[in-house]
Structures are given as structure tokens and as C-alpha cells.
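The letters A, B and C name the chains in turn, as written, and every chain counts its residues from 1.
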Amino acid sequence: MENLVVAQIESIVRLVPVFPLLGFLINGIFNKKFSEKAVGWIGSSSVFISFVLSLWSFFLLLSLPPEMRSIESSWFTWIASGSFSSAMAFLYDPLSAVMMLVVTGVGFLIHVYSAGYMRGDGGVSRYFSFLNLFTFAMLLLVMANNLLLLYFGWEGVGLCSYLLIGFWFRKKSAADAGKKAFIVNRIGDFGFGLGIMLLFWTFAAAGRPTINLLLITQAAPELLAGTGIVTVITLLLFLGATGKSAQLPLYVWLPDAMEGPTPVSALIHAATMVTAGVYMVARLSALYVLSPISMAVVAIVGAATALFAATIGTVQNDIKRVLAYSTISQLGYMFLACGVGAFASGIFHLMTHAFFKALLFLSAGSVMHALAGELDMRKMGGVKKYMPVTFAAMFIATLAISGVPLLSGFFSKDEILLNAFTSPFGSPILWALALLAAILTAFYMFRLLFLTFYGPSRMEPEVEHHAHESPRIMTVPLLLLAFLSIIGGYLGFPRVFGGGAWFERFLEPALARSQAADSHLSHSTELLLMLSSVAAAGLGIYLAYNFYIAIPERPKRMAEKFKGLYNIVLNKYYVDEFYNSVFVQPFITLSLFLWKITDVRIVDAAANGLASFFGWFAGQSRFVQTGRFRNYALVFVIGVVILVGFVFLR
Amino acid sequence: MVPLGYFIVLSAILFCIGVWGVLRSRNAIVIFMAIELMLNAVNLSLIAFSSNMKHILVRFVQSMAPQDAANAIGTATSSGQVFVFLVMTVAAAEAAVGLAIIIYVYRMKDSVNVDDVNIMKW
Amino acid sequence: MLSLIIFFLLAVMVVVAAILVVTSKNPVASALFLILVMCCLAGLFVLLGAIFLAALQVIVYAGAIMVLFLFVIMLLNLRRDEFGQDSLAIQKYLGFILVAAFLVQGIVIVSWAMKDYSVSIKAETQPGVSIPLDTLAATDYNSAQSVAGTLFTRYAYPFEVTSVLLLAAIVGAVVIARRRPFAEPESREK
């Protein structure tokens, strides 16, 4: 009976990536031959079919006992070379099931929204084909059963990110942002690639050459425990994660990535691509728990990034930038969770974050759409009366991200804070940093809400005249996401209230057993910590209210008072400028040198010189042909004499 | 009995005179005659060798019956002369065609100076 | 002894005549000296015993080819050397040096080779040689009969090919040298 279910899952799962790939090919090849509407339908329905298939497999998986919830399904063998082999094959287990549902579900809603948002843009078919390609690559990433295929998907989403950030490529800032994203990601990917190679090498040296994820997870404890090499491997892999998931020090591309269309920011830079790093760490949790140093690095980087990004977000004026820094900050939370051993909590937050962050971005897009592309919050205000539905959705999302109780964000964030405090890998310092970040999160999110929707209107009169609620094709996804933002948290209802922590238990077979899961706290400590996170949210909201509703002049006065500090934070701590002068400019100078001196003067000169030498030589040599018989005869005889001379000398 | 070596040396001398003639003459016809001289030198050398074949081969035919030995040596000797015969034939043909060409060139250029025939150059 | 004297006589005549062929100013004189060379060579052939070929040399070379040469010289009405300055004067000296070098090389090589030959010649007087040379020498290898025998049996194929060659030469010579009724295009001139 169970084997039948396994077989069913096997055949369904391998179909999931097919439809987005088809969508990409159809929209890509028949560029501009279909109407806008048809393009939207093709793009969205392909993802919808994948979603339905993922859902179906999920329910089938639930019907299996936990020990059997790990199924591999293969397309074909990709590389088989000596002891190294890699297949185009998928691993379906609780972790990948969750990721697939998030990617296809949220992805589908964003596709539908895009059909409305991108109406009238000339490159709609290109947009949807890239979006489908992205979905395909992301699915490969989360479904891969071996590291090479995962890396393939990893690079694929990086490529699509570049294509979509620079979608309006004629705009220089967009093209530059695309390049920046790709290049910074590449640095991280370099570390990632090295990590994979080192892993394979280590395993091969121990006699078990493989990059299959299941085999690695099984063999890791005995092969790598207590070695130093596992730290190196995990740190290299984490470098890739910092690039892809925008952590310190490779986060600089994400704020610039807001040049792309807003649904792209929602899908790629909030819900899915940036979470790839978290997924990777969770997937390889078996390796990470073997290295306390790596765990500490992950946790510290996560917490530091969370706080760092939150501080920048509090003073930004561009609505999408605030959300971008918020994303970086929330990703920091997810890494913090993984770093303290609570991998399930990290994935839980990944899921809830996908819901409310996508919702936030899409709502912001809705507002921008209505206000003719206005991004600066200082030119908004009082939008509430024009866009009630959008406002409602955004309000729910803001509550969720701030960690207000009863919404999904509260459950997931609270779990992370709890684990940070109690886990043997964690420490109260990390908890304190995370709490501080939580206060700031609530603060800047409500700041955003108040500045945009409340208060007197600061809009241009022309803009205000045309402000209107978005069409249903855009608002329905918003409402669906709002719904998910509310109920999504109940999957991980904390034990202290009698809930079964269903989510955590579901993911258990796929993640490493760490002491974090085993730690038991007294109920009172747990309640106390929960209360503190609620208090943090409350404090943040109150401060935002105070600054932006009650005493609107307060922000300006504070900015005046702390002018230096304000400017530093507003300019993102000048990190971009620092990178530019320390890395980018010297590199450009080196490249120019290599081009002008080495390439042009040395290499080209050598090649051209050789050619012109032969030209000159031939030009001189032609004078040998005098046309005169006697000269030829003379040469003839010279030759004969020399030849006979050789014989003579022998 | 004149030793073989003398004939060979004489042949070499004649050949070299022919080469010298080719190099130094400007008159096309004289060049041709020098070429004929070279051919004759070679003919002389061939005849010289063929006449001495019996001396060269006598040790090699010891194992054969006298009549066969005689035949073998006879064939070897005659071969040299047949070769000369054919060389003469070819020399005749070559002289005919070469002189025809010289006539044609003379009609064109009104001169048999080989230095005047020099358009195949750079 | 007698043969040696005749040889040296003929040899000297040949060499002198050859040099005169090359150095004469008058092409007719060159032709006549070449005829002299041919005849002396014929004499040398007789000395070697190849009487048939000696006859051929006189008939074909001296009697046909050289006559052809003379016809052409007369036809073109060539006089004494009327060419102007030799623009390649250096070639004369260089040529002489090269040829001398070549000659020296040739003679040295020949003398090395001849050393082995003389040694092997002496072998025929050693014991172990059962068929003496004189018995073999009794047969006449050089007559027309023996040459014809080899020519028409062993070398029949080259003989036939030679006849084709002669045909080609005849046709070629006629085609090239005939007088054309139309005016020749002058474009060939420089």
C-alpha cells in the first residue's frame, strides 16, 4: 500500500518543474506573438499546475509514516564520470515539500498580480518567460537531490535575478543594479562552489565519493565529526549563503535590486530566491551541527545583520528600500535560528515571512501603481481613503511582521527569540540583539504605514487626482496573502499553549537532530520571553505612533539633533562607497591596465607584429624572383654543390 | 686497357664544362648546346660503366652455369647501352622542341638573349 | 698502351673543343666545335667497345641534332655576339668558382669510389674464381645484335613510349614554330 503511494509521489514530483519550464519556453520563443492576456494566462497557469501537483504530493506524503517520508525521483543521469556522478533527480521530503509549496503557491499569486501590474509594458512576454524560468530554477534548487543540481538551480536563480532586476534595461540604474547583483552573488557563489568541491573531496578521501544529499546527511556524523575540515566546508558554503541571502558582508545588492518591477522584488527578493541560503543551511544541517564554530558564525552574522539592516531601514524614504532592508533583517533572523540549532524555526519564519513580505511588496506596488510610480514616502500620505483594500492588506502584513500576537509573524519570530535565548548554541546576547532588532522592525514598519496611508496628504495634486484602488486582478492576491499571513502561524502553535508544534515535528526527519530541539524550559521562562517579544512590538509601535502621528515634527527635530549620526545611517553607513573605493575601483584600474598595456601593447603587438613581420619578409623575398634564367640556374647549381658537399663531408 | 676511373673523371670534366656554359652564356642557343654537352658527358659515363660490367659482375655469377652467366652479364652490359640509346632519343626530342621555342621567342622579342626573357618576376 | 695514348689524345681534344663551344663568340663556331666533341666521343665509345653506339652517336647527334642546331642558327641569322654589356657580370666569376668546386667534389668522390673498385677488380685474379673472365669476354656484348636483343625484349615498353614521345615532340615543335597567318598579339611584350 505504501509503495503505491511512494510510486505515485515519485511520478508526480518529477512533473512539478516541467510546467514552469514549458511556460518559459513558450513565452520566450513566441515572444510578442500572443496577446498580453494570453501571456499572463500561460505564465500563471504553468505555476498553478505546479502548485496543484505540489499540494497533491504533499497530501500523499502525509499519508506515509514519518520514517518513509523521503523519496527520490529521477529524470536522468546527468554526469557519470569515474566515482563522481550527478543526476537530474529530486528529493521529496518534508523540507522540500514545504519549500515547493511556498515557491509555487506564493509564486502563483505573484504571477497573477503581475498580469495586472505589468499591463501595458512592452516586454510582458519577456517578463513572464523570465519569471517562469526563475520558478523552474528555484524548484530545481529546492528539489535537488544532489549538490551539483542544487548549485545549478542556485546559479539559475541568480541569472534570473539579474535578468529581472535589469528588466527595464534601458534605464542605466536598473542595468547597473542587475550587474551589481550578479557580481556580488558571484563572489558568494565562488565560496559555495569551493565548499562543494571540498566536501566531495573529503568524502572521496574517506572512500565514499558522493554529493547526494541523503548520503551526505547519513554519512556526515561518522566521517566528519570532530574534524576541522567540516568547519571550512560549512563556512565556504555559508559564504555563498551570505551572497544569495543578502547577509553581511554581501548584502549590498539587495537594496539596489529594487530597480526591478515590484512583483519581482516580491517574489525573488522577499519570498523565494533570498531564502535559498536559509534552505541550504537547513538542508545541510547535518554538517553544520558538527561544527560549533560555523554555528556561531552563522548565528552572529544573522543577528548582526538583523540589527544592522533594521537601523538603516528606520531612516529610508523610499518605500521599497525600507522593505528591502526589512528583508535583509528578517533573513538575519532566519540565519540566527539556524545558527542556534533551531532549523525548523528558521524554515517556519521563512514561510511566514514569504507570506507577509510578499504581501508588503505587492501592496507597495499597488500604491505605486495608483500614484503613478511615486516611491518617496515623503510625497505620500493620506492614501488610506483612496485605497481601502490595499490599506487593509498592508495593515495586516505590518502587524504580522512586527510580531503582534495572533498573526503568523508573532509565532515564528517568537520561536526564534526563544531558541536564541535557550539553545546551547545560543546566548542571551544574541537574544538581546534580536529583541532590539524586533523593536526597530515594528518601529520602521509602522513608520512606513503611517507615512504612506495616514496623515495629511503630501501628494502632488496631479497624482492625487488620479489615485484609485487597484483592479481586482491585483487586489485578490493581496487578500489571499493577507489571509495566509494570519493563519499561517497556527501551524507552529507553541507547546506552552497546548499546541502540538506540528510544523516542527513535521520537519523533524529532514533536519539534523540538535540539542536545541531537546532543550526543555520551564513554562514560566517561556511565557516571560514571549511577553518580552510582545512588549518589544508594542514599544516599536508606540514610538512610531509618537513620531509620526502624535508629534509629526519630532522626526525632523531628532534628525537635526543627531545630524551626524542621521546622515551616516541615511547613507547606509557608507558601505557601498567603502566597497567601491576598496574593491571596485582598484579592480577597475587593474582591468584597465591589463587591457591597455598587456592586451593592446603586448599581446596585440606581438600578434600584429608577427603578421607584419611576415608581410615585410615576403615583401623582401619577392625580389628573389628576378625572372632571369641565369640567376635561377646559378641558384640551382649552388644547391647542387651544397648537397654534394654534404655527401662529400660524410 | 684504360682504367674506368679515367673515363669517369673525363665525364665529370665535360659535365662541369657544360654547367659552366649554362651559367655564363647569354645566347640561348649556346646554352642549349651546353646542355647537349652535359647529356653527352652522361652518355660517356654510362657506356664506360656498361663496358666494365663484366669485371664488376664476375664474382657474382660464379655460382651460375657459364651460359647463364654469360647471359646475365650480356643483359647487364646491354642495358647500359640501351639506356644511352634512349637518352639520345630524348635529347633529340628535347632539342627539337627547345629550338622551336627559341624560334618563337625570337619572333616575339627579336633577340635570343636570355636576359630579355624576364617578365615572370616580382 | 696504345689505348691509353688514343684515350689521352681524344680526351684532350674533347675538353678543348668543349671549352671552345662554350666560349666562342660566334654561335656557328660553337656548333661546329660541338660536332667535333661528338665525333671525339664517338671515338671514345669505340675505345670502350661500344661500336654500335659510336655509330649511333655520329648519325644521330652529329648528323641530325647538330644539323638542326645549325639550321636554326641560320634561320635566325645570328651573327657574332651582338649583346651589349652583361648586366650580370658577377655571375660569370661566381659560376666559374662554383663549377670548379663541383668538379673537385666530383673527382674526390670518384677517387674514393674507385679505390674500392680497383680492389674488387683484383679479386678476379684470386683463386676461387672458377669462371675466368676470358671465357666470358669471348662473347661480344657490344654488337648491335646484343643491344637489339635487350632493347626489343626487356625494354620493349620504354621503346614504344619513346616513339610516342617523339611524336609529341614533332607535333609540339611544329605547332610552336609555325608561321601564323594573323598578326600576333603584341600584349606579350613588356
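One rule holds for everything that comes next: contacts are C-beta pairs under 8 Å (C-beta built on N, C-alpha and C of every residue); 3 or more make two chains touch, one makes a residue touch a chain.
On a predicted model such as this, the values are computed, not experimentally measured, just so you know.
Taken as a graph of touching chains, this assembly is fully connected, with contact between every pair of chains. Should one ask which of B-C and A-B has more C-beta pairs in contact, the pair is B-C.
We define each chain's centre as the mean of its Cα atoms; on that basis chain A and chain C are separated by 96 Å.
Rounded to whole angstrom, the centroid-to-centroid distance between chain B and chain C, based on C-alpha atoms, equals 5 Å.
Computed from the mean C-alpha positions, the centre of chain A lies at a distance of 91 Å from the centre of chain B. Touching of two or more other chains is recorded for residues 628, 630, 634, 637 of chain A. Across the assembly, chain C contributes 88, 91, 95, 98-99, 102, 106 as residues in contact with two or more other chains.
In chain B, the residues touching two or more other chains are 19, 23, 26, 115, 119. Within the complex formed with chain A, the chain B residues making contact are 19, 22-23, 26, 31, 114-115, 117-122.
By the touch criterion stated above, chain B contacts chain C in their complex at residues 1-10, 12-21, 23-27, 29-30, 32-34, 36-37, 40, 43-44, 47-48, 50-51, 54-56, 58-59, 61-62, 66, 69-70, 73-75, 77-79, 81-82, 84-86, 88-97, 99-104, 106-109, 112-113, 115, 119.
Contacts from chain C toward chain B in the complex involve residues 3-4, 7, 11, 14-15, 18-19, 21-22, 24, 27, 30-31, 34, 37-38, 41, 44-45, 47-50, 52-53, 56-57, 60-61, 64-65, 68-69, 72-73, 75-76, 78, 81, 83, 86-88, 91-92, 95-96, 98-100, 102-103, 106-107, 110-111, 114, 117-118, 120-121, 123-124, 128-131, 133, 135-137, 139, 141-142, 146-147, 149-151, 154-155, 158-159, 162, 165-166, 168-170, 172-174, 176-177, 184, 188-190. Contact residues on chain C toward chain A in their complex (touch as defined above): 88, 91, 94-95, 98-99, 101-102, 105-106, 108-109.
By the touch criterion stated above, chain A contacts chain B in their complex at residues 622-623, 625-630, 633-634, 637.
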